[in-house]
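Chain nomenclature is as follows: A, B and C, assigned in order of appearance, with residue numbering initiated at 1 for each chain independently.
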């Protein structure tokens, strides 16, 4: 009643009787290897899309201020399976999972690095929480903390997901949707900043 | 029975009958937005105080060695709501939450970044565990891993807290107290180093 | 039924009747201090072995490609208890725990930094999941995000482990073994890359 064992994750994926508690992972290329016996997590693979910030004409950035990713200079790179992306020391790139994931309403999850990569200095995720009913691909904030360039290959297992059960009801109307299917995560959200306006107003009252 | 759903977090905050299991969050400026329907966490806002290390006259640092924060050169900055703090690439600053939080005795929590910030390269917390009965504001270790300066605005939602239930009894005498109320987190603790003395002595015996 | 309280961790360590659910931690130098009353985690200490990547003759690295750690230039440093290791700003080093840990089959764990170190800018772990039945020492990916060199002393408490209960059966045949006992974590695993071969083949079909 907490973290799901590997067997329990498989049950969620393959037991298609109750759609509400079903976990969707697609493509799941090697179930036996990605859901290794004795583990309590599922390995996910590196996707083919990468987003890099370019320093050319950007002064400063913050979420919600840019109208679209095009306004700040973002370099989009597609690396096909079989090719590689070199991540240099101190470089940051926004990657994504190969897998599309649909969470059931009674699970949350954490995205965590894998030790074989961490030991080379690769940091895999800085925003690691996945909410119930999320559906989409997982954004991976990849940073090379080490001294040596690291070769990233789309298709390789690069992170793992630990699934946690939830206590209490989850409102299905509060679905948190992210970029889904064949699209890539957006670097900048155009979310309303009314909250901050209100708080600033409070400060002035 | 693991991670609390948003509804369950609300129950903890608003059900004031049992003080032992009550969660205190103040100020909670926008409950509907910070405890979004369908999520399993609570958003917290960036506070107004920042601590930076200055390279002027510091050789090396370690916890428990400095008598006070003044001895190592720490720059304290207060940024009022409505103003901004610019975090440059590779810069590290110690921030804090706007909210004061008092944990009940039967919950632990993890502080996790929000994806809208993570995608810009902001790493929000490196020491993410919150213990039962903790009370105080949350220290946020903010680092810009990206290529472009990031604008931080006190009052914006910057991180999220996932609450976990606890198995087993927690001794209320072991309360872990942090800087509370209107004060800011201390950069350096003056904790006793008797442990290490003992271990070094073991090594010599 | 989720995160183990400090008392529950002690029960797992000292209740030797059921080997399957027993947690082994050795050496546990100061149980009262490392398993502090009122907390929900166990502090672990910094070990004496450090691995650094050298930039001399390494072009790029990736997991599974090097035949042995000797082929990429890895500098191994042993720092006895009582001596220190200086971690400079932006430096990354692979350390390890002083403790050898053997997980029971019904627990997973997360390795998390301690706030006294985090506030100095030390990031302690990037690959933080520990699986059931893991046995070995814990690899710590140490990075100094701050502005000032940090003194690391083997024997000091440097991180904490939060233990989580598991839902579902764990197959004891899927034991994930890491470098155990007196050895140090390997920087590079020589794991088979047949997965990737298959995926590349899929892409070509």
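Basically, a contact is a pair of C-beta atoms (placed from the backbone, for glycine too) under 8 Å apart; a residue touches a chain by one contact, two chains touch by 3 or more.
Note that the structure is predicted; figures quoted are calculated from it, not measured.
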{"item": "Those chains which touch chain C and also touch chain B", "value": "A"}
{"item": "Chain A onto chain B, rotation angle from CA fit, given as a multiple of 5 degrees", "value": "120"}
{"item": "Euclidean distance of C-alpha centroids - chain A vs chain C, Å", "value": "23"}
{"item": "For chain A, residues contacting two or more additional chains", "value": "1-3, 90, 110, 123, 164-165"}
{"item": "For the chain A and chain B complex, residues of the former touching the latter", "value": "1-3, 51-55, 58-65, 72, 90, 92, 94, 108, 110, 123, 125-129, 131-133, 139, 141, 143, 164-176, 178, 185-189, 191, 195-196, 198-200, 202-204"}
{"item": "Chain B - residues contacting chain A, complex", "value": "1-8, 11, 29-30, 33, 36-41, 45, 80-82, 86, 90, 110, 112-124, 145-153, 155-157, 160, 162, 164-165"}
